[in-house]
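Heads up, there are several structures right after this.
Across the two complexes that follow, chain A remains constant while its partner is chain B and subsequently chain C.
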Partner chain A sequence: MYPKWLWRVLALPGIAWLIALFLVPFYAVIGVALGGVDPIFQNPVPAWNPLQWKFSSLLDTLEGFLPGHEYWRIFLRTTEYVAVAVSVCLLIGYPVAYYVSRHARRSKPWLIALLVLPFWISYLMRMLAWTNLFAPAGLVNELLELAHVTRNPPDWLNGNPVSVILALVYGYIPYLILPLLAALDRIDQSLLDAARDLGASPLQTFLRVTLPLSKTGVLGAVVVIGLPMFGDYYTPNVVSGSPQTSMIGNLIDIFFHGGPQPSIGASLTLILTMFLAALTAYYLFTVNRAHRESAP
Partner chain B sequence: MRREATRRSRGSRWLALLTWGYVLLSLWPVVVAIQFSFNAGRSMTSWQGFSLTRWYFGDPVYSVWHDPTLQSALMQSLKLAALDMSIATPLGVLLALGLTRWRSPLASASNFLMLLPMVTPEIVTGVAFSLVILHLFVFLHPGTLAQALGHVTFSLSYVVVIVRGRLVSIGRQYEEAAADLGATPWQSLRYVLLPLLLPAIFASLMIVFAISIDDFVISQWLSCGAGCDTVPIRIYGAARARQTPAVNALAALMVYSTLIALGVAYLLFRFLTRGERASGTSPGAAVTTVGGLEW
Partner chain C sequence: MRAGVCEGSEVTRVSRRQALKSLAAAGIAAAAQGLARADSQPLGPGGIPLARPDRPVALPLNAAPIPSGLPPERGGTFKLFNYPDYISKAMVEEFGRQHDVSMELSIFSNMDEAVTRMASRLVRPDVTNISHERLAQAVAGKLIRPLNLDYIPNLKTHIWQSLQSPFYDVGSRYTIPYVVYATGIGWRSDKISEDIARMDNPWSIFWRSQRYKGYVGILDDDRQALSLAMLYRGFYDINTEDPAVIERALVDLSALIPICNPKVNTTQASTLPTGESWLHEADSGDILGSYFTERPAGYDGSSLRFWAAPKGKGPVNSDCWAILAATEKPVLAHLWLNYLLEPRFAYRNFLDIGYQPPQVSLTVDSLLEKKVIPENLRTTIFTDETFGIGSIHFSTLTSRGNALWQKTYARFMAGT
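After this line comes the complex of A and B, so read on.
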């Protein structure tokens, strides 16, 4: 019906755009990371020819991630924050998604609308709201004093790791709940009925049917929030701003914005990307295996 | 049996409590922040009476309307969103059409490429873009144009995902019917496919608007300085500085505009898909698309 070349031609501008403005920029990161440095001005001199790539500076940067070296602590801290924040997100998000998917009846559309609402409110608006609440004279401290929890409420906004983790949870949890909800909604209700008919208690049904069936959904949701969290630098900056709580993203940010050597920043960016690509590859591998196992 | 039923309902009552507690707590800070944009006094933490307009345009020095830095941030955000919507939407619709119907190994490779911007942490995209402008595309400078190009690059994938979902769900039978009735390829594109795609196109426009308005990282990495600051960049700068409720008013304006865009798009979507309800197209689908992206 349509000429054969039509779809190719329609796809062309978009593909060209992505090559020119996504792939080529990424190639520039590689070029700068593996290029040289001007000996006088310390400016990076990118190498565009792969034959001229020098891996020594990348390896030097990579060595910094070994235990005891300069980036080890910041890498450990980032992993720790992300791991704790993702776990807290799951502990809150899973039951919420489960309730909305399985138990909410008339209120379900309303709950979904309210769960989607944070998507439409700017992330930094939510962070601003968060800092206002946790300010020294803010509502949270007022409540703590009213409840006689403490006379000297903590300083939340100056290098407090708890605030950073809570802010990460608050910022990213909506992005975890919705994919999780979609995954739980996909589970066939008749499987749960079958489990109940065969005498399983609600708890057993959950543990032996729902939970295993939602495993790939959980992993997917963890990837959805874990990847951007690893590259986050604005959340720690807004709620803490102290080097005590900086993450890898802050390190990259500092190397580029007024920092000493952008080429080290480029190497760090490259390392972060490879690390996250490895995590994603592992996730895709797990999902693939799960699909193969479930298919007869 | 009966005991089990009550136990189950008690369990679900706890879950209900947790769920509603979470939902309210997640929105509470935003409600408080918007409330303080109506504070009559300068405090960010203590309520000093209600003033509808002071921080929006009433205050001759500090209000959003009269503070040049806040006003220019608002304009910059809206300008970028408009540019992003007008470039990313047509580009994405064409790409979605192409990628859905072009069968070749190259198409699957392009499909993979299209998904990459969505899974790349924004700081990586930001670094890459600022380096390519500095070293390779030297004719581009940090500024509005570069920011707009960056916004388009990472909102493109969302348009493709939304439009492709719609394309798959409408199938090809309408176009085939049109061809049987003698329509030329151009006519069936223009009079059959385009009207059927309109709901997805409106959904894309709205999502691109929301993504662009919300974006902080790309805008910051490609900013030319104070003149290119967007609303999120102003909020970021103000969050750690002494501020007036005008910043809350600025942020609140963004919330209002997004919610209005959302409402308009929802009504349009319902209007355009009227009569399709039975075929399983949920009107909320467009709204939840961003969150429910298939993984």
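After this line comes the complex of A and C, so read on.
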């Protein structure tokens, strides 16, 4: 028998990683949001001591998220883009994951390798490739014209929300499929057989067994892609560049990139984090409930 | 090259007492004299008055310059800090060979980043490129050291009169001028039918560009973007801190979104020659740089155009170099500054980056005669008369003004 503490020790590297690369930087963001600015250089001066925290910048920024205020519209736009992009990712990704998990058989390793393939190329490079494909005289428009779909192909890169959403889908979909695939793989085959033996049609089996059992996987995958999408600023920059399609990440970039108001950038980050934490809490609640229900 | 914004101290209208206290903290006693003369001027970092062409500022000496006649340091590494692609690499290497040092070039993407990294000692360069609107900050924070101009004779010999003692650094106590440029309009005459330069109000082209939707761009910089709208309205105080004026500029700038949905970026040097953009707010150096180095195969650049407003009606600017206070090679650093001002270096550097050095010998006629630039780009080259009193520059703001510009720009970028 191994001593009980051994398993806890195995978690230490992960905990150290979490502290060094998440908790400390996150505390620094809090310190910047609630701290001050160097009077000469205008650099952020983080307030490390909670007793010295000043909440005025955070509260002002929070007020900006109220309907009609300065950040309301961009927050709404970001939420819309992410909601649509995640939905499209699910519509495309779930059937793909389902097929690979249930029906791929011997080709499964190859299909998984293909799904991993996009990770070989950096996100940035993949987005830049899109600008060539969707340029006014790019391949996509040439194909549309050749196929006589339209004589005036759309200007994809001209502040077009559709382009931003499609680019988000394209960029993040592999991150959705892989955890979803793992979740579907974990579903006990005997449960599906039992449903079929009890007279359920394939569709009923899917709707009553597979889908409910993959719910936590779906939520997990949505969290995995939804969280980074909310903070994304590079995708709208590359495929649009127009203020009309800016996302909240673009605002954070403006305030963090320079100028005398890094505390606003940090406050925006905190508010976004709080919003996403609420979504993540729902995911954790669902997972816990599923665990409790499945416990013998 | 404008990138990033300028700074002021936390106090907008600091009291005289506060300012003197701040100066004392910075140990800049000499500045008190300048401050005393500048009671009516708004104050920037460290209580240093905000420099304007009609209100020049002699920056307070934060240390003694090095003595004359010292030999240059040899060996080791000489470190430069600069924007990317903003200096001729060949000329950098040649300086290293001349002085038996290895050269190291670190880069920054904007002035905020540069100042932050230098102030927090994340980089320790010997010399740095610096915008004049950041000088007060660098001096008050003792980032840069005073110059001994005995080591920099090229300043008097080869540089425009107006920049030998510029308004932002009277007596060139801390800086030498590097390049000059105007912020204006770049366009493709084969795509844009209007003769922009002959329009009554060329700035208005952006508000009449429905036909060019998708091919219009403005500069991704709070000062340059918002001032475009001010200039369009004939308002020339581009350093204003009046909230009503800045708000009006936001309304006008936002009106561009339904008209032409402008792209907000700084890629004009590459997108104009490739035809990805047809009309773009641009610096003169961008347009020449695009002609020199960014033209795609098969494009001769004959349809590239640039318009800069007449003196006092559009922004002009100059970038500088300064020596870091902490350098261990102060003599070599002075020689570097002198080297930058040598006509041979300046000319070669100009061909590599496209930004014009303020060299007396470099004139539009000489460049046209040598066919270095084509006739259609003669408007990208400026003269000494363009600068000095009567010109308008993006200059240092107070901290409150700076914050106001940034927040307003953020609202534009948020599409609100």
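Here is the rule we use: the second predicted complex is superposed on the first by the 257 of 296 C-alpha atoms of A that agree within 3 Å, B and C clash if a C-alpha of one lies under 4 Å from a C-alpha of the other, contacts with A are read in each partner's own complex, and residues count from 1 in each chain.
Definition applied: contacts are C-beta pairs under 8 Å (C-beta built on N, C-alpha and C of every residue); 3 or more make two chains touch, one makes a residue touch a chain.
Just so it is clear, the model here is predicted, and its values are computed rather than measured.
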Checklist entry - If you stack the two complexes on chain A, which partner ends up touching A:261: first (chain B), second (chain C), both, or neither? => result second
Item to check | Of chain B and chain C, the chain that contacts the larger number of chain A residues | outcome: B
Item to check | Which of chain B and chain C A:245 touches, first, second, both or neither | outcome: second
Checklist entry - Now for A:231: first (chain B), second (chain C), both, or neither, which partner does it touch? => result first
Checklist entry - Is A:87 contacted by the first partner chain B, the second partner chain C, both or neither? => result neither
Next on the checklist: By the touch definition at the top of the document, which applies to A:204: first (chain B), second (chain C), both, or neither?
Outcome noted: neither
Next on the checklist: Let me test your reading of the model: by the given contact rule, A:40 touches which partner, first (chain B), second (chain C), both or neither?
Outcome noted: second
Checklist entry - If you stack the two complexes on chain A, which partner ends up touching A:70: first (chain B), second (chain C), both, or neither? => result second
Next on the checklist: I'd like to know which partner A:159 touches here: chain B for first, chain C for second, both or neither.
Outcome noted: second
Checklist outcome for this item: Contacts of chain A common to chain B and chain C in the A-superposed view 135, 157, 237, 241
Checklist entry - Inside the complex, what are the residues of chain C that reach chain A? => result 4-5, 7-11, 22, 26, 45-46, 110-113, 115-116, 119-120, 137, 140-141, 213-214, 217, 222, 254, 257, 261-265, 276, 399, 402-403, 406-407, 409-416
Checklist outcome for this item: In their shared complex, chain C is touched by residues of chain A numbered 37-43, 70-74, 77, 135-136, 155, 157-159, 237, 240-246, 250-251, 254-255, 257-261, 264
Checklist outcome for this item: chain B partner, complex, touching residues on chain A are 1-3, 6-15, 17-19, 21-26, 28-29, 31-32, 44, 46, 92, 95-96, 98-100, 103-104, 109, 111-133, 135, 137-139, 157, 170, 173-175, 177-179, 181-182, 201-202, 217, 220-221, 223-224, 227-228, 230-234, 237-238, 241, 249, 252-253, 256, 262, 265-266, 269, 272-273, 276, 280
Item to check | Footprint of chain A on chain B - complex, ascending | outcome: 4, 7-8, 11-12, 15-16, 18-19, 22-23, 26-27, 29-30, 32-33, 36, 44-46, 91-92, 94-95, 97-102, 104, 107, 110, 113-114, 116-117, 119-125, 127-132, 135-136, 149-150, 152-153, 156, 160, 175-176, 179, 185, 188, 210, 213-214, 216-217, 221, 231-232, 235-236, 238-240, 247-248, 251, 254-255, 258-259, 262, 284, 287-288, 290-295
